[in-house]
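Two complexes, one shared chain (subunit A), two partners (subunit B, subunit C).
== the complex of A and B ==
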């Protein structure tokens, strides 16, 4: 006992009181997260509460920058443009991509090669694509109007008219990102078991019925993922719009992103720009939440209808 | 006797040296101590273009003259403006000398106090060659370079006048005379337009923001003034509506389709392809128009002043200058560089290459220099425009917002919107921005 006690006394603090040795390992990650995510965010919010213009002293103005937004027609219009642009550039690639996936899922000679060709637009740099499309959109010299003239249609103004600019930009976006949706849905199709199709065949279902009542429900989760990725991409789209129209003609294709860029880096109004960034972020979060909510509900109905 | 001889010889040598110096552009009488700052290193930030090229190409001469080393970089205009502003606002710019666009940045730079006052240097004979005097700069140049207290904050470098380019061949084919008034211009453009053939009477900037530089020329010719005595903006008054109607007529009835998205580049493409008969833009485009590799209208281009409007005839004027960052530690050396940049020799090179027009009358009006300008008709249009020059944009801080908002209004008139309504809407948005900027 007398001999053991000192040893036990020595060991006891080491065994019972463990210094929090895991903390040092968390620190690097914590520092990085604080420095590149938390700090910029906090600072953006702080800037948005100030009248902050490059070259002039800053003053605290509370929510004045946020109150400016509803009365700023350019901002309101930009929100509209963003929603329209996003909506169209989610829907069209989803529809076309699903169709392409169904086509490329069937077995036919040269399928691998054609699949490869089909996903090529995705690999190109958006700005380079934008420049090429700008040339194709040219009302006098562009190839698109030439093609229209071959089938007897009148020339269009494409990105040079406020009424057609957003659909034309969506065309580029769709052309580039349909392959991504196709790839995701193709993966989904590969995972579907063959039994339902066999029984449908026995029951004499038409091609459309097979697609509508078997394929579509089974690939819905994949469509959701594709939709989510497309939405995030489309809502923050900047390069294609900036390179082709810079938000024009006038401000007909100015999305929040482009307006935000102008406010912060051309008008040097960092306070107002930050406020727009905060609202833009909330909008993205809201849209993502809506998508997740829809997905959740969809799952319930699936299980419900299955039961 | 010997002493006299030696002194006479040294006098002769001195004269020869002065002569040599005057050849390099400095008719200095040995008063300016060019070598005083030898060994200093200067950083210069330039906007990409012929001015920057002209500086970089010949900078060795400056280093030989002064012993000052110069590091310079050319950045595309938009990015250069951004970079300069952000660095100057930080208080520790990485450059000593900055190339600035007066029509966009004058008020902003003045209000923020980013540029060093060089009025004192200009009066110092140890720093300034005798031929560099304020009165040598054109009125527009001084208006740009001086603040309201009359201090010189930069040296005016190159001026941009708006002129009318026209295709002589197309004019001859249709038997149309060169227009002297805006009404004649519209009539001529109508005659020259042949949509089936793909030929149009007029082309110009339709793109938002860029289009303001063209529109303001019409605005000035309609008798417009940008600001009232209190600094309020006036670009939605009757003159503005008249200008917008002219702009709308020209760009919708007699211009190529898609002009709403045209900047100078697309306009120039249409003109060099011989598809547009008239084009109003800055003076700097003669070299590409006369370049056989890039143009189909070489030798067929006429140059003249912008036709007269209902209330006057002006050439909308823009310009750039070169100034010294207030935070620079090498202001005197930087001043020597600025002085060299606007020197007679550098100015002559710029003019003769067609890459810009010096603000200095002694350069523009020097027959020796004029002799070596190949394109005499172009030179004449420049000289004539100088006489009717008027600043093409209001001198305010939020120039970019002004150009974007009013420019967008103009662009929407191209798809049929009513000029008065659009201008009113744009100014409702712009007025609070202007007030806020002046208040701060």
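== the complex of A and C ==
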């Protein structure tokens, strides 16, 4: 390949060279994407306008499926659960992940291996993880209540009580996805120049001051990206909740995704299920847009106060 | 070394310990559960290392002939879905990067945001209509929802960073676009291929939601099989934990062995499809 380079230098200047079409490279993937992503989307939107239960004839009902949602207490409740679950599952991994990133940014022997161990929770098969957490949550035989007893705390019912089920599931979600936040923030830390730290050291700033006034502002864009990705994943969380509680006890941990599953594949109410899928998607897009908007406003106030 | 430095070292190691222990302790406890007899798993206070190891938990899981079927199912679904995704996704990533068609990435983004269940309703009906339910084909096709966006996304990133000069030179020397792709661009992007392949394999292997709807008794993949063990067949913890560990062990091994590639891919933002 080394011989090719001089030839390019000779031929390139002066010659009018039209870039070739790259369409043939994209067409196979385009076909696949149309078949498995675009077609399902179009079909879902069309189905959401129909009354369609498996085994009964289809009738066009316009927006009736959409109008059903606000009057469906189970759906409204599911929205509440989803927002609570998502809020906690964004916040906790962001805080813990930032801490972990600061730790992994330091140099110590075995860092690469330990980082590999640290990201294992997010790569492991969620159902397998959920199974073991279920055993750990067990009120009589579970190891978590034993650990609580060691520090003198009373035993909990964890996922078996409506009041504690969502925080318990968030605990699993946080354990699983803190590593992702860590990786993103670690990437941000690697990009920070060393000069501010050197001057801070000369000025005798404390560890906390250095973090608060130098590190934190500089990694904010990365925290924002991590928060965005975390939000999208937490809203859609399914495997963990389904495998541990199936939305229970009762419907105390039923999120929109779980309810969507029940409507579509237990009650086989495909029209209503499709409408929920559309609204669910729009909700995620709206939350992402809201976060972008907040970020923009934050940036403007930062610039404003900085000037 | 001053006292301050020593204290700093101790503090750092303490922080490392705090950060890593939830992951380590969890997987150690998982291993412990899987090698204990029922007596030890039901003991209070809990036993960490039992006096007698219940290797029979593993033997039982592996010996049941269904488990082998499910393992082969998982291999076929993940293998085919990843292979197809590489076949169509790598050239697509190349084409998109060279055309600088950044708007097309929006489709990938939409695929990333869409809940996996939304794909299931229409595709379930389609597969039913085509009479494909009961075979592995529906699961292979729907796993493409996970694997194709991952591969395209990662490959766009890699091809955007590979130098254009070599490719232009080869084109001027009379190579076809395909030859340029095959002999110039692809060899340079080999690390990217590894990243895309590993991540596609892991997320396809782990996928659960598509299987619970589309898999029949004979066509379950391992995650679905393990879930069904909880609800129907198996109530004792030892064999359950053993099965869970067997399912996730290949992924954990891959994570530790290929952690550099995985970290590179994940920080590129291509996490988790479906």
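Annotations for the structure displayed:
Keep in mind that, in the parts below, the second predicted complex is superposed on the first by the 254 of 307 C-alpha atoms of A that agree within 3 Å, B and C clash if a C-alpha of one lies under 4 Å from a C-alpha of the other, contacts with A are read in each partner's own complex, and residues count from 1 in each chain.
Methods note: contacts are C-beta pairs under 8 Å (C-beta built on N, C-alpha and C of every residue); 3 or more make two chains touch, one makes a residue touch a chain.
Quantities reported herein were computed from a predicted structural model and do not represent experimental measurements.
In the superposition on chain A, A:161 contacts subunit B only, with no contact to subunit C. For subunit A, the partner that touches more of its residues is C, with subunit B and subunit C as the two candidates. When the shared chain is aligned, subunit C comes close enough to touch A:257, but subunit B does not. Once the two complexes are laid over each other on the shared chain, residue contacts for A:265 go to subunit B and to subunit C alike. Residue contacts after overlaying the shared chain place A:25 against subunit C, while subunit B stays out of touching range. Shared-chain residue A:53: touches subunit B; no touch with subunit C.
Within subunit A, the residues touched by subunit B in the first complex and by subunit C in the second are 140, 265. Subunit B makes touch with subunit A in their complex at residues 82, 85-86, 88-89, 108, 111-112, 114, 198, 206-208, 256-261, 270, 275, 398, 400-401, 404-405, 407-409, 411-412, 414-415, 425, 429, 437, 440.
Here subunit C touches subunit A in the complex through residues 12-13, 15-16, 19-20, 22-24, 26-27, 29-30, 33, 41-42, 44-46, 84, 87-89, 91-92, 94-96, 98-99, 101, 104, 107, 110-126, 141-142, 144-145, 148-149, 152, 165-166, 168-173, 177-178, 181, 184, 202, 205-206, 208-209, 212-213, 222-224, 226-227, 230, 237, 240-241, 244-245, 247-248, 251-252, 254-256, 259-260, 262-263, 266-267, 269, 271-272, going by the rule given at the top. Across the complex, subunit A meets subunit C through its residues 1, 4-5, 7-8, 11-12, 15, 17, 19-26, 28-33, 35-41, 43-44, 47, 99-100, 103-104, 106, 108, 112-121, 123-129, 131-132, 134-136, 140-141, 143, 146, 175, 179-180, 183-184, 186-187, 225, 229, 232-233, 235-236, 238-239, 242-243, 257, 260-261, 264-265, 270, 273-274, 277, 280-281, 284-285, 288.
Against subunit B, in their complex, subunit A makes its touches with residues 51, 53-57, 72-74, 138-140, 155, 157-163, 245-251, 262, 265-268.
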